[in-house]
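Just below sit the structures, each encoded as C-alpha cells.
Next come two complexes built around subunit A: one with subunit B, the other with subunit C.
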Partner chain A sequence: MTIFGGRVRLSALGLIAGALTLGAAAHAGAQDRDSVKIGYAVSKTGANAGGAAITTIPNYQLWLDDVKKNGGLELPDGSKLPVEVIEYDDRSSAEEVVRAVERLATQDEVDFILPPWGTGFNLAVAPLFDRYGYPQLAVSSVTDKAPEFVKRWKRSFWFLGGGADYTDALADVLKTEIEAGTINDKVAMVSVADGFGIDLVTAARESFADAGIEVVYDKTYPVGTTDYSPMINEASSSGADTFVAFSYPPDTFALTQQAQIADYNPKVLYLGVGTGFPVYGKNNGENAEGIMSLGGIDPNNEQNQVYRKRHEDLTGQGPDYWGSVITYASLQMLQEAIKRVGLDREGVAEELASGTFETVLGETKLEDNQLRKLWWVGQWQNGVFAGLAPADRPGASKPVLPRKPWQKQ
Partner chain B sequence: MTLINVLIAGLVLGGTYALVAMGLTLQYGIARIMNLAYGETIIAAAFAAYLLQGALGVNPLLGMLLVLPGGFVFGYIVYGLMMRPLVARSQDRGNLEIDSILATFGLLFVIQGVMLVIFGSNYMSYSFLNVPVTILGANVAANRLLAFVLALTIGLTLYLLLTRTRWGTALRAVAVAPQNAPLVGIDVNRTARFAFALGGALAAAGGVVISMYQTFTATSGVVFTMKALIVVIMGGVGNLLGALSAGLILGLVETGVASYIDPGLTLAATYAIFLAILLWRPQGLFGGAGR
Partner chain C sequence: MTARTAIGLVAALAALAILAAAPFFLGAYGVGLLIGLSGYVTLASAWALFSGPTRYVSLATVAFFGIGAYTMAVLSETLPYPLVLAVAALIGLAVALVVGLSTLRLAGVYFVIFTFGLAELVRQLVTWYEVNVTGTLGRYIFMSFGPETIYWQLLALAALTLGLSWWIGRSRLGLALRIIGDDEVVASHCGINIARVKLALFALSAVIMTLVGAIQAPRWTYIEPGIVFNPTVSFLTLIMALLGGANRLWGPVLGAVPLFLLFEWLSANFPNHYSIILGLLFIAIVFVLPKGVLDFVEKAWGRGSSRARNKPDEAGLGELEAGR
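This part shows the complex of A and B:
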C-alpha cells in the first residue's frame, strides 16, 4: 500500500509541476513577441473523440510539425517565429468547448484559435470567435446555413458545404443511373437521430422528391444502435435498388457487416461517416468496392498523394477521404495568409476571404467565405475512395454501378 | 420480417446484453461492489483482443484463453488494493455502496486514460467470424451467435455451480449475510475477492466477443456499464439467471419494436420496460428468490 500511495503522490507532484511550467511559459509569451501562440480546444475524450481523432487532431499535428520544420511561421518581413501551442480537451461537451475557447481568447491571449471538431461545436463557439475577433476556419461542419452564418459572423469560414449539396449530388448520380436503366427509382433510407443524420436526411427527402425518386422506406434510429438487422430486412423487402444510410462510423461499420450477414445486395449502397476512413477499406477489402458515401479524392492528384503519405508517416494512420485533406488545406491557407499580412487577425481574415492560395487541394479560393470546390459523392474504386460528383470537375471518376454482390469470405 | 426471424434476431442481440451483464451482477451481488469501471474492463479486453488479432494474428477465440485469466487477475488485484480497505472500514452495505461507487468512478478514468494514451481515441474495429449461420430460415452472424451461446453456457454453468456446490453455497452466503457468514467458517474476504475477480473474467469474455462485431473506442466503456446496469437491476441484483433472462428480454423487445413499430423507439422501449419492472417488481424479475 505504501508503494502505491507513494506513486500516486509522485505523479500528483508531477502534474502540479507540469501545470506550473505550462502557466509560466504562457505568461512569458504574453510579454514579448518571441513566438506565435496558437490554441485550440478539441474532443480528445468523450463521444466526439473518435471523429476528432481521425479528421482534426492528426492534421493539426501534421501542420504544426510542418511549421516547426520550416523554422516557424513566416511573417511578411521574412522573419520566422516559432509556434507555441495551447491545447485543451473539450471532453465532447459543448459547454466545455465554449469555456475553453473563451479561456484561449481572454486568459491565454493566443494569436489564433483553430476550430473544434463537429458542426454543433463550431456553431457553439462561432459567437465567441466573432466577439474576440478571431478568424474561424470551420472545417468539420456541414451546414446549409453557411451563407447566413457568413453574414452574421464575418470572420467565419465554412469548408465542408451543406447537407443539400451532398444529397442533391447523390440524387443526380442516382437519376443518371435510373435513366440509364441500371437501377429502379426506389430508395430505402435510414438515418441516425442526431445532428448529421437529421440534417442530411431532411435535405435528402427534398433532393429525392425533386429528382422524382421514390423513398419507399425512411426510418431513423437512436445513436448507439448496434443491431441493424430489422432495418436491413425491411429495406431488403421494400423492393428498392438503392440503400442510403446517413450514419455515424460505428453504425456504418455495423451496417456493412450486417448487410453481408443478411446477404443484402442493393445495387447502390451509400453509407455515412466512416465509409471514407482508411480502416474501412482495410477491413472490408474487396467488399468495400462500389460502396458510396460523402467526400472522395481525385486518385491522380499527386499533391494529395504526397500529403496522404506524409500524414501516415507522421501520425501512423492514413487520413480519411473526406474532411482530413480539407482540414490540412485550411491550415495551409492560414499559414500563407499570415505570411502575407502578418499576425493582424483582421487582416488575416480579409486575406482568407479574398486571396487565392496554393494548397494540397491545388489552387484554392473561397467564395463568400466558403469552400465550394468539394467532392460531394465518392465511391470505393480499386482500393481508393474516388470522387464522383460534381461529374464535370476535373479528376472526377465515373460511377461503377451496380456494385457487385458481397464476396463470401 | 417473419416472427421467427424477429425472435431469433432478438435472442441473439439479447445474448450480448446478458453476457455483458453477468459479470456485473456477480460483482455487485456477491462482492457488493458497484463497479462503475466495469465497462472499461470490457473495453480493455476488447483492445487486448484487437491487438492479439491485428498485431500477432491470434484468433480472438484463442486470445480469450489469455484475456480471460487476465480479467480475473485484474479483478483480483483491484479488489485487493482498492476495494478491500473500503470493505474493511464500511459499517453497512449502504456505506460500502457509496464508497465503491466513488472509488470505481475514479478507476474508470484511470483505465480510460491509460487506454487513451496507448491507443488514442480512434474507432477500433475488425471483423471476425462475420459469416452467416442459418437457423430456422433466419440468417444470424456467427460472432453474435457465439455471444449468445457463451452467455447461455456461462449463465447456466455458474447457476448450477452456485446452487449445487459447497463453494457456490459459500458465495451465496456471502451475498445474503456477509456479517454472519464467518460464523460458519466462510472467509468472507477471500470469497468476495474471488467473486469480484470472476466478474472481471466475465467482463473480459464479453469484451473479446463484442470486439468481433462492434466498433469501440477507448471512451465507449460507459455505454456498456449503463446497459449492464439496466440488465442487472431488471434481473435482480446478484442473480445470474435474472441477468440472463433480462438480457434476452431486452434483446427481444428491441428487435420487436424495431421490426414492427419503429427503429427510433428502441431506446424508449428499453427504458419503458425498465420502468415497468422497477414499478411492479422493485427487487427485479428474479430478485429475492433463488439466490
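This part shows the complex of A and C:
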C-alpha cells in the first residue's frame, strides 16, 4: 500500500517534469529589425575543437570584426545594420550540432547561420539549413558527393572540393616528375583510419592507377598512433621515391619528426592535414622546405598577404594554408551578397550561386554551387606554403623536386 | 491498492497522450528537444533495467546505441524501415548474448572496465571493416520522414521500456534480480539460475539501446564511427540513471529529464563555460543528493509520516563512492 502511494506521487512528479519540458520548449523570442542576427554552432570543445580553432573560429571572429569596423552589414539601400552574434558550442557531438542549429533557426530566429566545422557536421545540419531556408556555406568539408548534395539541398554551397580532386592533382604532379626522370614511378602510401584518410586513400588508389603510378606500399593506421617507425622503415625499403601520408595533424607532426630520426629521405614527401599550419613551417624551419600537402596559396596575391597579416594581428595566430582563407572568402561573399540583395535568404542564396564576387582569393565565382578554383597541391617554398596545382592556374608555383635531405639540427 | 495502480496507469497514459500530441503545438526546436529527451529517458531506463537491480555498472550503452545507428546507416537503402529496425534489434540481441555469456561472471570494477572496452572494440571493428572491406568510412542516411516521426517512435519505445520495467518489477524475474543484487550466493541457494536471469535482462536492455540508436540515426544524415560511438553517451546515461535512482521505475526518468534540460539550458546560455559549470554541478549533486533525486524527494516528502521503509538501499551515487 505505502509503496504504491509512493508510486502515484512519482508519476505525478513525472507529469510535472513533462509539463516543465513543454513550458521550456514553447518559449520563443521576439524579433526586431535594428540589427542583423548571425548565429553559428561550432566545436569549441571535444574531438573537433583543434580543427575548428584553426580553420573556422578565428575567421568568423576576423570577419565579424571587419563588419563591426565597417559599421555593420550594408544593405542594398546603403544603410548599415549592426550584427548581433549568437554562438554555441556543439561539443563535437552530432546530436548537439543538430539541436543547436534548430535552436538558432527556430528559437533565436537568426537571419543567417554560419556552418559548423567538419564534413560530418556540415552534412548533419544540411537538411536543417534546407528546411528552414538558410544558405549553407560549407567550407570545412571535403566530399566527392558535393554535386549530389547540391541537387538535394539547393541552398548548400561546397567550398573545399572532394578527395578525388586532390589525389588526381597529386597524381598529375607526380606523373610530370616521373616523365622528367626526377623520380621513379613507385609510391609508398599510409593513411589514417578515419573519414579524411580513408576518403583520400580510396581516391588516391584510383588516381595513381589511372596515372600508371605503382603503389608498392599501402598501409592504414588507427587514429592516435604514435609510433610510425615501422611504417617509415617499410616505406623506406620499398624502393619508392614518393612517400604519401593522408594523416591528421598529430600524425603529420610525428611523421615529420620520426622520418628525420630514421633519416628517411624520399624525393617526394607528401603529408596530410597539419602541413599547412603556420606552426608546422615555424617548427620545422629549413626542414619543411619541399614538403607537399593539400591546399596552398598564391604567394604573390597581395590581398591574401594583407588577410594573413590581419588574421595574425587579431587572433594572435596565422591562418592555415588550406581552409582558412577559403572560410574567410566565403564570408566575404555572404557579406557582398547581402549588400546586393538584402536580408532575403532566398535571394542571397541565388546571388551566391550566380554572382561573381571580389574576395581575398581574387575574383570568385561558384560553379554548380561549388568553389572549384582551389589549390589542390601545395609545397613549402621559402617559408610559404605555395600552391602548385592546378599548374595552369595563374599564380601557380613550380614544384621544387627532389626535396633536399633533412638538415641535422 | 488496485485503485491506486489504476490511477497511476491513467496518469501515465494521460502524460503519454500529452507528450504524443506535443509536436502539434511545439516548433521544430521543441521537437528536437523532445527527441533528445525521450532518447535519453529510454537509454537511462534501459540501463537501469539491468544495472539497477543487479548493480552491474555498465558503460556499454554506446556500443549498442552505435550498433543500432550503424545498422540503420548500412541497411536503410536496401531494406524497408521496419525490417531495418528488426535487423538492428537482432544484431543487438546477438551481440548482447555473446558478450553477456562471456562476461557476466565478471564482477565489480572488472565489469565496468570490460563494458567500456566493449564500446571501443565495436567501434574499432566497424572501422576496420569499413576501411578494409568497403573502403569508405562515412555513410549517409536519407529518410523521407521528419523529426516528428523519430520522436513518436522514441516516445513509444520509452513507454514500452517503462512498461517492461514496471512489469518486471512485479514478476518473479524482478524478484530474482533483486535477490541477485543483494547476494548472489543466497540467490543461487534459492534455486535461481543466476546466469540466465542476468543474461536475459542484459540482452533486453541491450536491444532497447540498439533500437534507440537505430531510430535516432536518421537525424544526423551522416554517420561515422566517431559520431555514433561517442563514449559521452554511455557516461550521460549512467549519470542520469544514478541521479534519479537506478532502482526505481521513475528514477531514470527523473534523472534524465532535469539533467537533459540542464545541459540544454547551459549550452544555450553559457556555451563557453558549459564544462566548468557542469563539473561543479556534478560535484554538488554528489554531495547533496548522493543517493539520487528520488530518494531525496521521498525522504523529504515522507518526513513526518510514520512509514517504515525497508527497501534495499539504492544503487546510487553513494554506493559508487562507498565502493571505492
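Heads up, the rule we're going with is that the second predicted complex is superposed on the first by the 379 of 409 C-alpha atoms of A that agree within 3 Å, B and C clash if a C-alpha of one lies under 4 Å from a C-alpha of the other, contacts with A are read in each partner's own complex, and residues count from 1 in each chain.
In this text, a contact is a pair of C-beta atoms (placed from the backbone, for glycine too) under 8 Å apart; a residue touches a chain by one contact, two chains touch by 3 or more.
All values reported here derive from a predicted model rather than from experimental measurement.
Engineer: Residues of subunit A touched by subunit B versus by subunit C: which partner has the larger set?
Structural biologist: Partner touching more subunit A residues in the overlay: C.
Engineer: Quick check for you: in the superposed arrangement, does A:T202 touch first (subunit B), second (subunit C), both or neither?
Structural biologist: second
Engineer: According to the stated criteria, A:K398 is in contact with first (subunit B), second (subunit C), both, or neither; which is it?
Structural biologist: Neither partner.
Engineer: Does the superposition put A:K151 against subunit B (first), subunit C (second), both, or neither?
Structural biologist: A:K151 sits against neither subunit B nor subunit C.
Engineer: Taking the superposition as given, does A:Y88 touch the first partner, subunit B, the second, subunit C, both, or neither?
Structural biologist: A:Y88 sits against subunit C, while subunit B stays out of touch.
Engineer: Based on the superposed arrangement, let me know which partner A:N233 touches: subunit B (first), subunit C (second), both, or neither?
Structural biologist: In the superposed model, A:N233 contacts subunit B only, not subunit C.
Engineer: Quick one: classify A:G274 as touching subunit B (first), subunit C (second), both or neither.
Structural biologist: First partner only, subunit B.
Engineer: Taking the superposition on A as described, I'd like to know which of subunit B and subunit C A:T220 touches: first, second, both or neither.
Structural biologist: both
Engineer: Using the superposition on chain A described above, determine whether A:K365 touches subunit B (first), subunit C (second), both, or neither.
Structural biologist: neither
Engineer: Between subunit B (first) and subunit C (second), which does A:K309 come into contact with in this model arrangement: first, second, both, or neither?
Structural biologist: neither
Engineer: Would you please give the residues of subunit A that touch subunit B in one complex and also touch subunit C in the other complex?
Structural biologist: Overlap of subunit B and subunit C footprints on subunit A: residues 1, 4, 44-45, 47, 193, 220, 222.
Engineer: Name, in rising order, each residue of subunit A that touches subunit B in their complex.
Structural biologist: Subunit A residues touching subunit B: 1, 4, 43-47, 49-50, 52-54, 190, 193, 219-222, 224-227, 229-231, 233-234, 237, 249-250, 253-254, 257-258, 260-263, 274, 277, 279, 283-284, 317, 409.
Engineer: How about subunit C: which of its residues touch subunit A in the complex?
Structural biologist: The contact residues of subunit C facing subunit A are 1, 4-5, 7-8, 11-12, 14-15, 18-19, 22, 25-30, 32-34, 36-37, 124, 127-128, 130-132, 135-138, 140, 142, 216, 219-222, 224, 226-228, 230, 232, 248-250, 253-254, 257-258, 261, 264-265, 267-268, 271-272, 274-275, 294, 297-298, 301-302, 307.
Engineer: So in the complex, the part of subunit A that touches subunit C is made up of which residues?
Structural biologist: Contact set of subunit A toward subunit C: 1-2, 4-15, 17-18, 20-22, 24-26, 28, 44-45, 47, 87-89, 91, 93-96, 98-100, 102-103, 105-107, 119-120, 123-124, 126-127, 131-132, 145, 152, 193-195, 198-199, 202, 220, 222.
Engineer: Spell out the part of subunit B that touches subunit A in their complex, as residue ranges.
Structural biologist: 1, 5-6, 9, 13, 16, 81, 85, 112, 116, 120-123, 125-127, 130-132, 139-141, 213-219, 223, 251, 254-255, 258-259, 262-264, 266-267
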